[in-house]
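Labels run A, B and C following the written order; every chain starts at residue 1.
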Amino acid sequence: MKGAILGITRAVHLVDITHEVAPHDVIEAALALEAVVPVFPPGTVHVAVVDPGVGTARRGIVLESDGQFLVGPDNGLFTPFVARPRWRAFELTASEYRLPLVSRTFHGRDVFAPAAAHLARGVEASRFGPPVTDPITLRWPSCRHVRGRIEGEVIHVDRFGNLVTSIDAPTLDALDGPVSVRVAGRTLPLIGTYGDLRPGGLGAMVSSASRLEVAQRDGSAAARLGARRGMRVVVSSSKRSTGKRAIAS
Amino acid sequence: MKGAILGITRAVHLVDITHEVAPHDVIEAALALEAVVPVFPPGTVHVAVVDPGVGTARRGIVLESDGQFLVGPDNGLFTPFVARPRWRAFELTASEYRLPLVSRTFHGRDVFAPAAAHLARGVEASRFGPPVTDPITLRWPSCRHVRGRIEGEVIHVDRFGNLVTSIDAPTLDALDGPVSVRVAGRTLPLIGTYGDLRPGGLGAMVSSASRLEVAQRDGSAAARLGARRGMRVVVSSSKRSTGKRAIAS
Amino acid sequence: MKGAILGITRAVHLVDITHEVAPHDVIEAALALEAVVPVFPPGTVHVAVVDPGVGTARRGIVLESDGQFLVGPDNGLFTPFVARPRWRAFELTASEYRLPLVSRTFHGRDVFAPAAAHLARGVEASRFGPPVTDPITLRWPSCRHVRGRIEGEVIHVDRFGNLVTSIDAPTLDALDGPVSVRVAGRTLPLIGTYGDLRPGGLGAMVSSASRLEVAQRDGSAAARLGARRGMRVVVSSSKRSTGKRAIAS
């Protein structure tokens, strides 16, 4: 893919975000995009290829959102961005922005990387093909706030064994006072940062991607709790409790 | 290695292809080069270091092929390029294109990266040392076409569990009509792309590197078939059959 | 982190050294820095984030040593450079060189990457905050030379299964004549390079990072010897021996 890009333009910085998304795991890839896209300067082109439908009728698209461009298969990868108020998308059909020969097995190289290079050169997104108003979106795990409780789920286990949840920082901020987090039959404190835990301790915190995460200091929370994707997570306000705060051992 | 390069020239794009070749697996590295080198623009310098013989009498070389430069140990890494009609190679002996101190354990840093940087700066390949007319070549797994059958073998298992074979697209194209693929006691259909498989289905297809590959949708073909490097793969024309096409379950 | 850097300056080469340091393994990260920093051209900015104390009272620092800049948490990551004669360090407190919002969980993105970008732009290290004269240092495994013997330990096992030791090349050079290396109950020869071993053979050699390493040809010395970090390694001069040189089988 980088070879295809450099054959079109050299006026780029090529940055790898991750090559460690599990095969075909579109949700994990979408979470990675959600976390990193906003940190890049406006006008950045992000190419994402988790593409089990390559070579079938699934479309390729470019999606523009908040001044950033996302290029890849139309399979739900860009769900977090479609959920936002302003975006536009176009199908990648124009042959002049593809490699001369397009395989049925690697559109990353033959379609997406060339489109990204042309976008980086300044080609207008609308020139790649017809508008797409109905991009595929994933069932995106979210959370519910009901009478002092937020209910969500584990949506990803990262390489440190941290549990990433569907509970986002703004929803969490709506709970008053001290809260505690229940997951896998355990009640954990909400802490500010990893280093607030004592060695071996478990806790929940707001991650750098603005999601509630569960971590174990010097260990894997996933292994300790036997937790996996889909497991329920509940945050409860503990302001009406006796004041005895739950501390994980 | 990148530090050594940037100490010589900064007018480069540094691109990582892979750091995941199995230790000492020269064939896997040669396959990676075969797949990626042609996609890069002419004049690209490719440095490859799978180098169990570092510090021994094995030579270091630069090989020029189709306008691309390959730099590394002379241990067979560049076999796919030596098999092509036009190439020339030179031994890396000139001390002015090495780091001042050359270790016996890391020529990637001390010899190959500096040579690559000087090539990128425009130094002529012939200035690095004497011509090499007999580079080491690997026994390169190939395939035989005999009366309507192509016989080859599994030459690599990739990180998705796909089986890369020694059967190349041009040889395959010479078979008329529908074909089926036998491997590990199973008969699989030849399909166009991964997404043509139903969930869990097995099939063979021509990869983006123009090789026959065997894949399982949403799974590992290697695990499912108990397949490994060296296992026999046979493609048979099924045009004289009853027309009932073999479909993998 | 790269997004944060490119939002501040694009006049940089972004180079990844490793993303494979074990979680929270400050010693492994410090060894990686020790090995690579000196190879980069003067003025390079090295950002290292193995940071279990993020968001706590631990400081962030920039350390300048031999014309190179190191940026990261003050947790011992830079121990090899503090051991050298000339360095200076400053705490990263100036808000104008951080992202506008600093999380408590990812200073790599919010503090260290921005500081690195500003250093690359030419901002003087002293402008980031007050001088730091007492950076945290690790107990750095070293070696002792006593009457013809050097005693050290295994300090890291790399991905090839090689044992990196605390015995450095200058100390080793002080032993006269032929030497042999004892580790895990075995006596191994000191060889010049990996390729001097016969297939399956074990030996010790000076690595490209100027440390004594133990390797097995075509295998993992760690697995073969059951070796792990902390295991004792002794190098003995064999000049008073019978001249029969120990050869590993």
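Everything that follows uses one rule, which is that a residue touches a chain if its C-beta (ideal position, glycine included) is under 8 Å from a C-beta of that chain, and two chains touch if they have at least 3 such contacts.
Source: prediction; values computed, not measured.
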Angular offset of chain B relative to chain C [C-alpha, multiple of 5 degrees]: 120
Fraction-based call for chain B against chain A, same above half, different below: different
Centre-to-centre distance between chain B and chain A (centres being mean Cα positions), rounded to whole Å: 33
Multi-partner residues of chain A (at least 2 other chains): 16
Touch list for chain A against partner chain B, complex: 2-4, 6-7, 10, 14, 16, 23-24, 52-56, 58, 103-106, 109-110
In the complex with chain A, residue positions of chain B that touch it: 13, 15-16, 36, 39-41, 44, 159-160, 192-196, 205-208, 217-218
